[in-house]
Every structure is written in C-alpha cells, then in structure tokens.
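Supplied in structure tokens, the structure appears directly below.
Each chain gets a letter, A, B and C, in the order it is written, and its residues are counted from 1.
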C-alpha cells in the first residue's frame, strides 16, 4: 500500500528503534511518556449522626484519595497496549490525564511531546477517543452527517477524509446504517460508527475505553479485527482500557495492570499469563449424589502437579480449576463425562479481578504487592 | 475568546436539523412560548388599564420597557441556550462537556452551537412588536442619535443576560443546587426591568443601581428616548452607559468562566 | 387506606429532603414577591383601594400568590405523563387502588410538605418583613374570625383538590398523545392567568373574569385569595366554596372517565 506517511512504513518494519533516515525528520521517542504520575483527590467526608449536617457547616473532614499513585510507563508509536484494572482502579483517571481532561497532581506526563492540559486544541487534534458507554456522534442525525461535521471540526482535507471514509465503510460495513440516525442504531453499529468517527482525521493516537462492552461475540470480533487492522496498517498507537481480558488476549501484546492507583504489572501478555493467569474454571452440574474422584480421571499422562484441582463445590455444582497450558477444556470434559454423567457445564475465563487477586496473593511483584493496602479497604475513587 | 463563525454555523445547522426531527414537539413549544408572553403582557395591559398606568408612566411607555427587555432576553435565551445553567449543568453531569473538551474547537463555540431554542423566536418578535406599539402610543420623538443608540442598548441588555448565563453555568462546575437562585437574576431581572424602576423601594432600587447596575440597561435609556426628566438625580451620562454595563458584566463572567474551567480540569466532575 | 397514608408519608419525606435547592427556591419566592409588592404599591399610587381590595390586601395577595406555588404545583406537574410515557404506568395500574387515588395520595404528601417548608416560610417572611414591602403603617392582612380561618382552610383544601384534578386530567392526555407535555403546558399557561395567580381576578374587566369562570382555574388561587382577604360576604363565601366543591367533583368524575378510556386504549395497543 502506498502510504504517503514515511513513519508508518518504518513502524511496519516492526522495530521502532530502526535507523532513522536522515532525510525524514521523524521523532521516534515514546509517544506517551509518564513518570511518577499521580492524581490525588480530597474528598469531603460528611459527618455522621443526627446533627451531622450542622457539624458539616462548621468543620470539614477530608480524606485524601490517591486515584493514581506514582505510575510510570512509556508507550512507543505503533504499540497496541491494554490497560487493565478492576473498577475504581484508576484507569479512567489516567486516561483523563492523558487526554487533557484532568491536571495531574504530581509527576510528569507528555503525549506526543506536549502537555495535554496545556495545549488542549493541538493535543486533541492528534488523538481519537471512543468510549463504550457514550457516543461522540450527534444523536438525532444520520451517521454520515456526524462524520461530515467532524471533518470540519478536525479540519481534515476533503480528499483525505473521503479516502478514509471509503476505507472504513468497507472495513466496518458502514453502508448498512450510514444514513440512519444514531439513536436508532444497535450498540454494535454505534460502536463501529464511533470508531470511524475517531479515526477519520488520522490521529496517531487512539484511546479506546471499553469498546466491546455489551456486544455479542460476533460484534466483538469485528471491532477487534478493525482495531488490529488500524494498528497494523496505519501505525496508530492504541491504548485500550478494558475490564475484559479476552479483549486483551485477542489484541494486545503488552499489558499494563493498575489497581488502587498503582501500576502492578507492565509487560507482555504472554508473560502475564505464564506467571499469573493460566487458570481457567470448569463449572459442571452433576447429579445431586454424584461424587467426583479426581485421581481416577482418565487424563493425559505427564500433567504437572496441580494442573487440575477442585476449586469448590455447592451441592451438585462442582468447580474445577485447571491450567490452560496443561490441558484443554474439551480434554477435561471428556475425562469427566467418562466418569460421571454431566448435566450442564460452563467454562469460565479468569477475569481481571481474579488475576489481580492472584497477583496480590502470590506477592510475585516487587513493591506492588508487598505493602498491606488492605488496611482500610480504600480504593482509588473513580471520579468520572 | 474566538468564536469560529464557520464552524459555529455548521454545528448550529446540525443542532437545528436535530430539532426539526421532532417537528410536532417543536411547534407545540413554539405555540406555548408565544402564548406565555401574550398572556403575561395581556394581563399587564388589563391591569394597567384599570390603574391608569403605573408610577406616572402610561401603558405605551411601560410597553416600551416591557417589550424591549423581553426581546433582548428572549433572543439571548434562543441563541445562548447552550449556556442556560440548567442545561449546562446537565451536560457537565452527563459527561458531555468532556466530549466537548476532547474536540479541537473552541469551547464556547461548541456549547453555543450545541443548543438553540428556536421555539422562543415568537417571543422575540412579540417583544419587538410590543416595543413598537409602545413607541407609537407613547409618541416618541425620534432623532438620529436615538435611533443609533437603540441597537447599542439592545446589545448591552443581551450582554448582561449573557453574563448571567455564563456565571450560572460556571457555578455548575461546583454545584447544581444554586441554579434556581439564578432564576432570580435572569427572570427576576427581566421582570424588574419591565417596569419604570423609580417605583421600587429605595433599598431595592439602590441594589440594582450600585450592586447589579440593571437600572442603566432599560430604564435610563427609556428616559432618554421618551425625553423624560430623571426623577432620581443621576448624572447626565446615565442613559448612555447601557452597552458598557452589559459588557462589563460579561467580562466579569468571562473571567469567572476561565476560573471555573481551571477548577474543572483539576477536579474532574 | 393504610397504603394511601404510607404514600402520603413517603412523598412528604422525599420532598422535605432537598435542602439546598429548597433554600434557593425560597429566595426566589421572596424576591418575586418583593417585586410584585413594589409594583402593587406603584400601581395603587394615591388610591386606597381598587375593586374592594385595599393596598394592604393587595400586598398580602402577592405573598399568598407566592405561597400557593408549591402546594398547587403552579408551574408544572408532569408526573403522570412521565409514568405513561416511560411505561411505569403498566405496573402502577396493577396497584390495588384506583390510579387517580394513587396519585391523589402522593400529591397530598407533596402538597403538605411544600406547604410546610415553603408556603409557611414565605408567609412568615412576609409577616415579619412587611415594612420592607409596604408603606409605613401597613400591616399583613390576616383573617379576622375563626369562621373566616375555617373557610380559608376549607378553601385551601378544595383548591388543592381542584388543582390536582385538572392537572391529573391534563396529564391523562398522555394515554393518547406522545406530545402530552405540550398539552399540559398549555393548560398551565392558561391557569396562570385564569387562576388569579398573576393578578387578582377582580382587577381584570368583568368580561374577562366571566370567561375565566368557565374554567376550573379561578376556583383554586382566586377562591383562596378572596376568602382570605375578606372580600366576600358570608353567603358569597359559601357560594365560592360550593363552586370549588362542584368543580372538584366534576373534574374528579372527568378524570375517572378519561382514565378508564385511556387505560382501555393502552391495553388495546399493548402498552
């Protein structure tokens, strides 16, 4: 593909540290660089009790909430990074600082060489954002009118806009609903429209916040394929915040995990899975009086110890934890069914909470899990 | 503050097209709004007839006051609907203001273009008609200076209400509770300026002379138009500072708005 | 019956809870009352009375006018419209008492709550700050006899009933039209004028008053005002109360009929 932008060619070579052609003045330092970034909120605590409202008028108690606590990372152009964390972990707060909506309390932050909150217009002109919960489009107007309006907002040259639009129409199958008012779209269609809208102005950086939430499997898959395409073909740097580990598994090579304001993990997904996240859960409903004998299961030989364990039992419902790398779900199911009649079953993937819990439990990270943060149970408050 | 006219026009077009998607609702609102002013003014006229004017001012003269400030306020409500504190507060609360911050266009441009209360246009027209009728009844003697000054007074009044709107909207960065009190200043202000202000008790009048100088926005210009003597003994330039007063308030409101924005960026919503 | 009392209590508590907004609302009330009192004084000028209303009474009227805003929901009431359009009505209609009765009970709670914190406060403010509003020597007008007080209380209750009933009836249009809001709004606009909320009806020409009397609206605010300010003789008071009662019954009947038709329509259309 003849892409007129030289940096994209270079990125596709796979190594962002490739030699710089001296004729091209392209800066290939990190596109996002964050150093000991912090965001603290002082939350007013209301007095309790009957005359609490009166005491509120006189004195004020504050608690300091560390929504983001000395987080550091760097993202290079062209990366597709997953940013995970339980609710209230500090994800949205970080994103708000990266997009310029919030001013940090401490630390340093640079996006594309700028301070986001200082140079608002120039900064946001270079980024696209999609929020799973809200649309950026005009509710009552056909999608195409929103896209045309955004062309003017972002001052995209007509030809470029049209060529991008044609691309997206094909990739996202927009023609089906491009003339439909946004309020009449299904969630999946709306997400596709929002994605197109976010990318029409060729932003080098794309923020995605829960882009597949609420979608069915087919729709999720389509969105993920598009994101992968955009990252690979256009070199768009993507930061994907999500609650959903399967999003990450399908898209990201690199994963960052944040919890209670602190960055717990920053590395490859493969590494994460190898160290913490390998266990899946098979939930089976057996007959009320049936008993399961793990030792007697006809499993493949050579399984490592603890590859399959009974995680719990509630009446006829048994939960088995098994290592994903050790054996497949179907192998386990076959072995089980040979021993006892299985009435119903479900395979559950580890969710981010479970993985985070595991990280804490295993205390396998230096610094992150060592402190006892459970004392007051205070989590970074998500202010959104 | 640079309002990008081109982009404003386009975004406004989108807003109006969205409005027109709900045509029936729009027309009902248009009828309601027009009726409200009709009923209110009708009641005023009936009562003024009974009482033979008020404070020594005839029906025509009061109509001038009423119509002019109605036109300016309703026009501001139409064009500046995005900054109606109630609406703006909703936007902030629902996170739509964040969307606005994420677009590379002026904030004021986007907020203004995002809402347009076209259904109030009937009220604006009514205001002008009432003013016109009042002028005819009161027998205003026109001079070129008076005619030239009239649009300036209008702008001054609009700027005044715009300033109130902007301040009310800025307050919503902190709290939504005080919005109802803003009604006192906007609707209350409009009602208060609809009557010759010498009728008010001294303490009330002084508040609206020295604290919120609304008296210079409608009453004094009217004295000038009607060639009426000033019963309050203000300086001779009193009728001519309407545009300055309005713009001064707008300026103060603007500074407050910038302050509110900074606060919003450090604490989120 | 117990269920209705419970509804009253809940609505009452809910409305008492919004403190900051409440204070702002009170400030608004007082300011507008102030403004209108000043206009009254100016209108009267040298006059001592107009159509039987003294200046004191007229200024008192401005306070009464502000006081009724809360309990009589003078500016807007769209609860039923909202319930119908949102579909909530489907579950509400299953409740053991009539839909009209259901909302009646809730409105009692709402009206009582607003009366207590808003109306009473405004009236007290008027009593204590009358000097600010009126020429020296003028006093806030109060009913003179126990009988008059009783009549006022009765008029208030009936006024609330008439008000609730026409508000309910206007809202019932929601069963037919998605633009019920517009219809209700129109009704409210007419009510401001015809109820004597902007000015005492006596101040308007007779033909205007006669037209207004064709609507239920004067039998809310205006009835209370006339009885309270002692503008009516004994038999006239009874006649006024009687008219309020008659309108209340008529509107209640209309509501029940319209409701039945509306529900039937909803059921046929499948909600």
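Simple rule for what comes next: a residue touches a chain if its C-beta (ideal position, glycine included) is under 8 Å from a C-beta of that chain, and two chains touch if they have at least 3 such contacts.
What you see is a predicted model; the values in this text were computed from it and never measured.
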Query raised in the report: Which chain's mean C-alpha position is nearest the mean C-alpha position of the whole protein set?
Result: B
Requested in this report: Please state which pair of chains has more C-beta contact pairs than any other pair.
Outcome: B-C
Query raised in the report: Can you give the whole-Å distance between the Cα centres of subunit A and subunit B?
Result: 47
Report summary line: For the pair subunit B and subunit C, the C-alpha centroid-to-centroid distance in angstrom is 29
**Report entry** Cα-centroid distance, subunit A relative to subunit C, in whole angstrom
**Finding:** 54
Report task. Identify all positions of subunit B at which a residue touches two or more other chains, and write them in rising order. Result -> none
Query - Residues of subunit B that touch subunit A when the two form their complex - result: 6-7, 10-11, 14, 17-18, 21-22, 95-96, 98-99, 101-105, 265-269
Requested in this report: Name, in rising order, each residue of subunit C that touches subunit B in their complex.
Outcome: 20-21, 24-25, 27-28, 31-32, 34-35, 38-39, 41-45, 47, 50-51, 132-133, 179, 181-183, 185-186, 189-190, 192-193, 198-199, 203-205, 208
Query raised in the report: Can you name the residues of subunit B that touch subunit C in the complex?
Result: 24-25, 28-29, 31-32, 35-36, 39-40, 42-43, 46-51, 54-55, 175, 177-181, 183-184, 188, 191-192, 195, 199-201, 203-204
**Report entry** Touching residues on subunit A, where the partner in the complex is subunit B
**Finding:** 41, 93, 96, 99-103, 117, 120-122, 124-125, 127, 129, 134, 136, 138-141, 145-146, 149, 152-155, 181, 383-384
